[in-house]
Each structure stands twice: as structure tokens, then as C-alpha cells.
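One chain, subunit A, appears in both complexes that follow, with subunit B as partner in the first and subunit C in the second.
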Partner chain A sequence: MNGPRSKAIALWGLVAFSLILLSFPTVIIIGASFTAGEIIQFPPEGFSLRWYEKLWQLDSFQDALLRTFYVSFICTLISLPVGTLAALATVRYRIRFRRTLQVYLLLPFTIPLVVSGLGMLIVFGEVRILGQLWPVGLALCIINLPFMIWAVSASVNGLDSELENAAANCGAAPVQIFFTVTLPAVMPGVITGALLMFILAFNEFLVSLFLVDSRIVTLPVQIYNSIRSVITPDLAAVSVVYILIAVIAVWVLDRLVGLEIFLRSK
Partner chain B sequence: MTLAILQRTDRFVSVVWPSGLHGMNGYLFLLPAVALVFILVIALGYMLEFSLHELDLSTYRLKEAYSLTNYQTILDRPVYLRVLWRSLLAALIVTVITVFLAFPYAYLMVRTSSAATRKFLLVALFLPFFIGQVVRAYGWLIILGKQGLLNSILTGLGLPALDLIYNYPAVILGLVQYMLPFAVLLLTPAVAAISEDVELASESLGANWLQTFRHVVIPMATPGLVGSSVVVFTLTLTDFAMPEILGGGTSDFIANAIYDSYFQISNIGLGAALAILLTLIGSALVALMFMIAGTGTLAVTEAEE
Partner chain C sequence: MVEICDVSKSFGDFRAVDDASLALPKGEFLTILGPSGCGKTTLLRMIAGFSKPDAGKILINGGEVENVPPHKRSIGMVFQRLALFPHMTAAQNVAYPLKMRGFDTKTIPDRVSEYLKLVRLQGYEERRPHQLSGGQQQRVAIARALSFSPDLLLLDEPLSALDKKLREEMQLEFRRIQQELGVTTINVTHDQREALVMSDKIIVMNAGRIQQSDSPEAVYRAPSNRFVANFVGLTALFGGAIERVDDEGVVVRVGELALRARAGEALTPGASVDCAIRAEQIRILADDEENDTGRFDNTVTGKVDQRIFEGDRMVYQVTVPKLADATLFVFDHDPTHHAERGQSGALKLAWNARDMLTFPTNP
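Coming up: the complex of A and B.
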């Protein structure tokens, strides 16, 4: 009854349930996007690519997709130097109040997203930068910055400081050491972090909902607005774009650093 | 070419940032991040200020005078206490279910001897992790909707259709599905830190696997369990999309009330008071986690140790 077989059955039973739970919505969206019918129904009214075709012709979709790419690009661009330097500083340099600073840098996680969203709406309104896209990218960078710092910190630990000392002894100047020794050593973390930042910004919804208006709507907000009216299959096709990008991201992450990195005990 | 640029930069840097200042390098590197996060601090400052002014209903502006009226309103109106209670209860239910499901997942992923199984479990976890809340909620709408997949199956079998969407259980389901990858990823390092030998020792002393789990594995994984529970709890407590999309107005959480107080009833003071309250509850929970499990629960602080 309590032997190894029952253990395998119990564990795999629960994991199988989790696997179904995790994949069910994704599979259903993909299925629904290929329907030939006017509405989503089961069983679907035959197979067609008409909703993808309609998507290509829809300017509002293309604009929203471009804006989303732009915003995610800005977010990643800002977080690259800011997060990398912060991670190096907190892990490698002698700093007073290290603990306090680390807790401070976790504020974007501890402040609820809805509060950050409303708060930045107020602040950006005060300095009159609302209605533009780059502040949205900046906002998404701020709320996800701990992810970037975390990713780089994880690889800073693998950096041997003797390498930097050796470079200095050979007469290399600080900036040269940074770009030729330090940065290449932490590159896996920088790439992981950048990828995370891009994907998170690409998907971010709540803070964007506060900061975009109808003229600069991004894709997650547009999907949300459409869900509230009529659910048509073109939305499923839009969602498949998201699923595709997630597949690419997982593949790239696995190729570059290996997903197994997340299994390591700290 | 690149080297020349680097050397020129170095010469420039040695002038504006002489080596005497290099002890300050850490602070210099931290400056941009500290400045960016400071925007959130300013935002919180504005919220605190707004929350202390009552809305003047004749002008629809906040009154000059300071008062605690907004906080009083939250405590006086049953609707806000209901929303608060509903969010806290959901956070509790979602945390219990999610961590219960996440633990075997993390355990199998760490312990399986097959590299292919491990990769499969990892991919199945990361794919939804990289797909946002709105898209996943949309998937549930297709499944649970009035003419959705499940109701089509039911009516196809000659059974009456059910109201599966726009209620509390639908919100809980959506949230559990959303939180599961977070919970597993936070739990895995803690499970990986447990040596398999300890389990073998327990079993060689005559314990069955349930006893080994109960008395050895779970106690040893406690830091990870606390960490992932707190993260799932706070993320659920502060969630907006799932109650909005899958609750359809029937199951509003605090975040929805904050959004509505700004965009629906245009009472920024009240919204700010709710926001401050939510931040306080969230921070208190994180502080509690630090106290119980030590700062090591969060990967960022872990890095130096």
C-alpha cells in the first residue's frame, strides 16, 4: 500500500493533473484558431486559416503588435546596463547597507502591480509624458528589474575575481577589463535576464492598462478590450502569436543556458 | 579598432572618475537601478498624499484639508470589507492548492532519472510561464464559456448547460493555473538541495514513503515551501486580470476596486487609500517571510551567500 509503486502512482497522478491544467488553455486556443466558422464552437466548423489571413489584413492588430515589440525593446534596452551593473555591484563590490539596498531593489516585487500602475500613471501625468510609448517601456523595465538583477547575480557567482586581477596585473585599464573580462564571464546571466525582460514586457498587461490610451494600445490590452466585447476566432489567432513567441523563447533559453539551470540547488 | 575605443574610453574615465574614487564603484553601478526604483517611491508618496484628502463632490477635486476620511470609508462600507475578505480567502485557497500541486511536480522533476522526462516537465512549465495572464484567461473563456467546450460536451450528451464562468471558482481555477509555474520554480531549488541519501536512510530505517515525506522531505524543504507560498499568496491577493476576466464583475479583488475607484467613480483619494492598504498588507507578508525563513528565501539576496 505504501510501497514505491504507490509513491510513483500518487506523484505521477498529481503531476499528470498539473500537466493537463498547464496545457489545456493553450491547446484549446490553438484548436479554436483554426476554425472555419464565424464563432468559436465545439466541435469546430471545419479547418481553415481564414482567421490568420484576417489578422494579416487587420491594421489595428499590426499596429498593436509593433507597439508591443517597441515597448518590450525599450524595456530590455534600459534593463540591460541598469540591471547588469546593479547585480555586479550588489554581489561583487564592497558596499555599506548591502542588505538595505537589496531589499530596496526588491520594491518592484513587493509593491503590488496595480499600485505601481496607478502610481506611475500619476507620476507620468505630473511630468507630462503620458500618451507616449517609451514611458510604458520604462515602466515595464522598473516593475521587472529584479528579474534582470536576479539573472545576472546568479552568473556573477560563477565569475572568478582572479581573472579581473590578472587582467589588471597585465596592465589593462578598468573599462577594458569590464568589457573584455567581466562582461563575457556574466554573459549567460545577461542573456537570460534580457530574454526574461523582453518576454515579461511583451506579456505585461496590468501596468500597461493604466499607461496606454486608445491611440497607443498594446497587444495584451487590445486582447483584453476585445475579450470584453464579442469573442471571435481572430482573437484566438492573435493568442497563437503569443504562444509561438513563448515557444521560441523557451527554445532560445534552453539553447543558450539550458532550462536545467533552474533546477540547481542554491 | 574595438580595443582603441576601449583605451580611449579608459583615458576619458581616468579623468572624470580617477582611481581614488574606485572604492565608490559599487555605488556608481547601483545608482541607475536605485534611481529607477525611486520612481516607484515617488509614486507611493503621491498615493499616500492623495489618500489623505477627501473627494469634494461639488468640484470633483480632492479637498485641501488632510483627513483620514478615505480610510474610514473603506472600513465603513461593507462592500470594501467584502472585497478584502474575498481576495484574502482566494489567496489562501489558491496558495494551498498551488503548493500542493507544485511540490510533487518539483520533486519528480528533480528526482527523475530520465533526462528526457526532466526536459519535458521543464518545457511544460516554461511555456505557460511565458504566456501572459490575458491569453491564458482567454483560453479558459473558450473552455468554460456559455457555448464553450465543456458546455458543448454537456449539451451534446443531453445534459443541461452549466454556468461555469463569471464566478468565484472560475477565478480560483484561472489563478491556480497561472501561479503553478511560479510555485514550482521557487520550490525546485529547495527540493534539489535535499540529498537523496537522506531519503534512502529514512527508508532503510523502515519508514514508508509517506512517512519519509512527512518527517524528512517536507521539513527539509520548508524554506522553499514558505517562499513559494508567500509569493503565490501575495501575487493572488493583488491580482487583477483573473477576477476581472473570469469573474466578470462578480468576484472583484482589491486591485479591481482600486482600478474602478480611479476609472469608474473617479475618486483617486479612495483608490490611493486602497492602494496604500494593499501595499501595507503585501509588505507585511513579505516581512513575515523574511522573519520566518530568513532572507535566503529570495534568490536575489541568496547570491552573495
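Coming up: the complex of A and C.
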């Protein structure tokens, strides 16, 4: 070992090793999904899209996918106003019990999902909304809301408090100030939070398991049910669909927020 | 136009504004000058409507504004951090108050370009704030504050973040625009030069109280108390006692010397006073030069403690043993002497009675 050159080689080696290790499961799954054989294996046996074809033709998969989209949509829809306003209120205004409220809103994150799931099951059962799909979205919104609040809070913290005074000085009434100045200014956080909520709801398994039955099964639960019987390469194909959706989300985030942050930078 | 009557404001135990009163006629440019924490910004924010006075009244156009929310007051404001809307272009920023105040949408584009022209920003309409330089952002903020023709313009130290050269340029720019439009303006600053350059009238504040309210020249030449004399200009202050009062002025005993000073407020012999003398009023006499002709009323000899080079001049900080070790400040504008003076240590100084002020010492 001598000089900065060998140090650079060692560092780059470490980075490359880490990257390979991190992407290993993903690469294997993607590879395995294109197999022409009957079992999941890596390297794949030949190349074909037959498992994607099979997946697409499977009604249960299509239905589960649509339901998952619906649940994620409901979850995101509820979290948008709730999370945004909660973040603005707890960061911005000197309201009473501010600290307590902040901790309370972050609480769902600290409770084991099994406990949350069981709790929701009991509550939803009591109010007779079990067996419907939208309560699943609501439940996922409740357990993941801290992420939305975190994302928006980061934007609110970076907000110049004088902007709202400036808007008032320009003649804007409080409601106008919110829609024309405050909301656009915290938009990067709102977009980040919304996409995060969507992806988290899309992937959520444990709480969903408590709340869905065979008629309204969502995709993560569907996958779980499948691996309990036979592991076939269509599971790998489902996983790739998941990866694809995650990649799309990151791309959207980069396009919307990356751009927005760039525009905001001084 | 603007009238402030006995306004006070406290934050907890801290009295930010203490019984302040002022009246500003239409079209005038007033500067509130004072060190940070003197209450000048608090006063300005109460006029804008962002906070309410604990006591007293604020009248704008003859009407009390206590219950008028900020967005219903016809006041344009340039904020210290400018507070331009980052997600809007320069033109959108200037158009914002017009939209919010319900101007006819057909007239808005014309008004926007008229005011961007006024601040000399044509061609920058579509830029966002972060794509503009500090001076250009300043101009957008001015245009935004003025585009709806407010009755009153407030400036909250908007120039303090700029570098010296740009700041001096913008001072003249503000003055030009203010005179072109004739808009009544209240400016807040801690920069005495800015106050002197821009204003029709200056109010000097300290510790929440108004110290003096006068024209820039009067504030500089006839400060009303020790604080104003010290805050505006480079002033030496030292304590003394009145020895006698005669037709030509007063004689003050300081240390071993008796100095002649301008006749001030009713002073009785024996009263202790603060003496103030500005750096530019003190002449430096050559070593062999005697004050035999009586050109100057007072002469002293001191020792140079410090020499501060300011480019166009040298500032000497001089201790005078016979004046009970009082410290004087002197400007030396003649570069040929810079090297020798201060090396030798001793300096002979002289000034006239009319340039030396006395203020009764605060009990």
C-alpha cells in the first residue's frame, strides 16, 4: 500500500462491493423472472416472458393489483391534507401542547405493526367497516402518517416566515396566503411525502393481512398466500412489477421535486 | 398622513417601544435610526399591522388602524430579507399585490411593466428571484411594494445585507424613486450614512425611546443629547464641570484645563456635563506652530495611541493627559504627514468653542 492511488483503489473497491451487495437480491429476482423453466433459479434457464404473460392472464393478480392501487390512492388522498396541515401546525404555530402533539403524531411509527393491525381489526370490526377496501387505505394512512409529517416538516422548516407577512402586506387574505404562498412553498415536501405514502401503502403487508379477507385481498397479501403453496417464477415476475413501480416513483420524485428544489435554491 | 401617538409595546419584561410619538406629513421620507434592539423594527411592524401596540394609537390617513388587518392596509413594504415569492417570476411577484387587491386584470400587465421600468429591470420579467443578483432582487422587492400605489411605503433595513458599493447605489435609487412617485416613506436603519443621505427627517431611537426628531443636518450638527452625539458621527465624549457662563458661551473645567464650549441648555456653574467633540472639528497643529494668533479657542497636546488607516484619511486616537486622560479622535486628510505623525507620539490639537457641545450628565 503506497500513496493516494492505492487508497483510491481501496475506497472504490469498497464502494463497488457495497453497491453489488445491495443490488444483489434485486438483480437475481429480475434475472430469475425471465426464466423459461418451471422453477425459480439463477442464472435463469433460457429467456422468456412466459411468467409475465401468465401473471397478466391471472385474474387474481390483476384484481389484487387494482385493489392495491386503490388502497394506496385512498391512503395518499387522506394523508395529503392531514399530513400537510399537521406539519404546518406543529412546526409553524406556537399552539398549545405542541411537543405532545408532535410525539403523539409520530406514535404509530413506534408501535409494532402487529399491534396496530390487531387494534385496527378490533376497531374496524366494532364500527362494522371490515370487509371493505377503503378502511384498509385509512389504516395504512394512520400507520404511515409520520413519514408524511416528516417530509412536509422538512419543507416547512426551510420556509421563510416573512413570506406570509409579505403576502399579507400585498393584500392577500389568510386563505389566499395559504393557497398562493404557503402551499407552493412547501410543495416539494408535500410531493415527497405523498409519493412516500403511496409506495409504503403499496408495499404494506402486515396490517393489510389483518384487514383483508379473500374477497378483497391486496397484492402483498396475495403474494404471501402464493408462497405458502408453490414457489413459481411468476412470483419473481410480481417482484419485478414492484421494483418497476418503485423506480417510477423515484423518477417522478426526481422530476417533480428535484426540479422544484432546483428552482427554490438561491 | 401617519400619526403615532404615545405608542408602547413590550415583549415580556422588555419594553421594546416606550411611549413613542411621531407625525409624518404626506410625501416625506422619514428614517428611524438607531442601534439594533432599539425598537425601530417593532415600531415599523406595528405600522404594517403585523403586531399591535400595547398602548397608544396609530393613525393612517387620519383613521385609527388598530382593528385593520395588514392585508386591508394600503401599505407597501420592503422586507429586510426581501421575502420575494420564490416560486414566482419577477413579473409575477410585482403582479401579486395587484391581483390580491382586485385590480382590473386588463391593466395588470401594463402596471407591472411600468413598475419594472421604474426600477430599471426591463428584460428580467421572466427570471425567478434566485436567478437575479442581490441588487436586482432588491429592485423587484421595491417594484412589488409600490406597484399598487400604496399610501405608505415601509423599508425594513432592506439594504443592510448588500455590500457597501451596492448599498450606496441603492440609497440613491430609493431616493430617486421616492421623489419620482412622491410616496410617503418610513425607512428603518442602523446605518447613519443611509439616514443622512436618504431622509427628509430623521428620528433617532434608543432603548425604545425617541431621542431626537429633526432634519438630517440638525441631527448631525445639533444633537439633542449625549446618545445622539455619540451615535451619529465619530465623536469623543468626556466628562467635565461648568466653570462659568458668559456672553460668548461656557467654560468647562476638564482635568487641569479650562475649555470653551458652545452655549447649550441652561447650565449653571458647578453642574457636571458631558462634552462632545467630533473628529472632523479638531485641527492638527504643526509642532512649531503656536496658537498665538488665537485662531482656536482650545488647544491641547496629546499622545497618539492608535492610528487607523481608512484609505482617504488616517484616524488618530489621541489620549490627552491634561484632560484627565480623555480620548479624542482626529482625522488626518494629508497623506504627506501620515508617516511622521503618530511615530513621534505627541500631537498638538486645536478646536473652536462653537464645535464643542455640552450635555447635562444624566443623573
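One rule holds in what follows: the second predicted complex is superposed on the first by the 231 of 266 C-alpha atoms of A that agree within 3 Å, B and C clash if a C-alpha of one lies under 4 Å from a C-alpha of the other, contacts with A are read in each partner's own complex, and residues count from 1 in each chain.
To be clear about the criterion, a residue touches a chain if its C-beta (ideal position, glycine included) is under 8 Å from a C-beta of that chain, and two chains touch if they have at least 3 such contacts.
Bear in mind the structure is a predicted one, so any value in this text is a computation, not a measurement.
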item: Which of subunit B and subunit C A:Cys170 touches, first, second, both or neither; value: second
item: Touching partner for A:Leu101 - first (subunit B), second (subunit C), both, neither; value: first
item: Which of subunit B and subunit C A:Glu162 touches, first, second, both or neither; value: second
item: Contacts of A:Leu49 with subunit B and subunit C, given as first, second, both or neither; value: neither
item: Which of subunit B and subunit C A:Leu244 touches, first, second, both or neither; value: neither
item: Partner chain(s) touched by A:Ala32 [first = subunit B, second = subunit C, both, neither]; value: first
item: Which of subunit B and subunit C A:Phe179 touches, first, second, both or neither; value: first
item: Touched partner set for A:Leu66, first subunit B, second subunit C, both or neither; value: neither
item: Which superposed partner A:Leu256 touches (first subunit B, second subunit C, both, neither); value: neither
item: Residue contacts on subunit A - larger count, subunit B or subunit C; value: B
item: On subunit A, the residue positions that both subunit B and subunit C contact, one per complex; value: 173, 176, 180, 263-266
item: Touching residues on subunit B, where the partner in the complex is subunit A; value: 3, 6-7, 9-11, 13-14, 22-23, 25-30, 32-34, 36-37, 39-44, 46-47, 50, 100-102, 104-105, 107-110, 118-119, 121-128, 130-143, 145, 147-149, 152-153, 176-177, 180-181, 185, 188-190, 192-193, 208-211, 234, 237-238, 240-241, 245, 254-255, 258-259, 262, 268, 271-272, 275, 278-279, 282-283, 286, 295-296, 298-304
item: Complex contact set, residues of subunit A against subunit B; value: 2-4, 6-7, 10-12, 14-15, 17-19, 21-26, 28-29, 32, 39-43, 78, 81-83, 85-95, 98-99, 101-108, 110-116, 118-120, 122-123, 126, 138, 141-142, 145-146, 149-150, 153-154, 156-157, 173-176, 179-180, 199, 202-206, 209, 220, 223-224, 227, 231, 235-236, 239, 242-243, 245-247, 249-250, 253-254, 259-260, 262-266
item: Touch list for subunit C against partner subunit A, complex; value: 48-50, 69-72, 75-77, 79-81, 83-87, 96-97, 100-101, 128-130, 144-145, 148
item: Sites on subunit A touched by subunit C in the complex; value: 160, 162-163, 165-173, 176, 180-181, 184-185, 187, 263-266
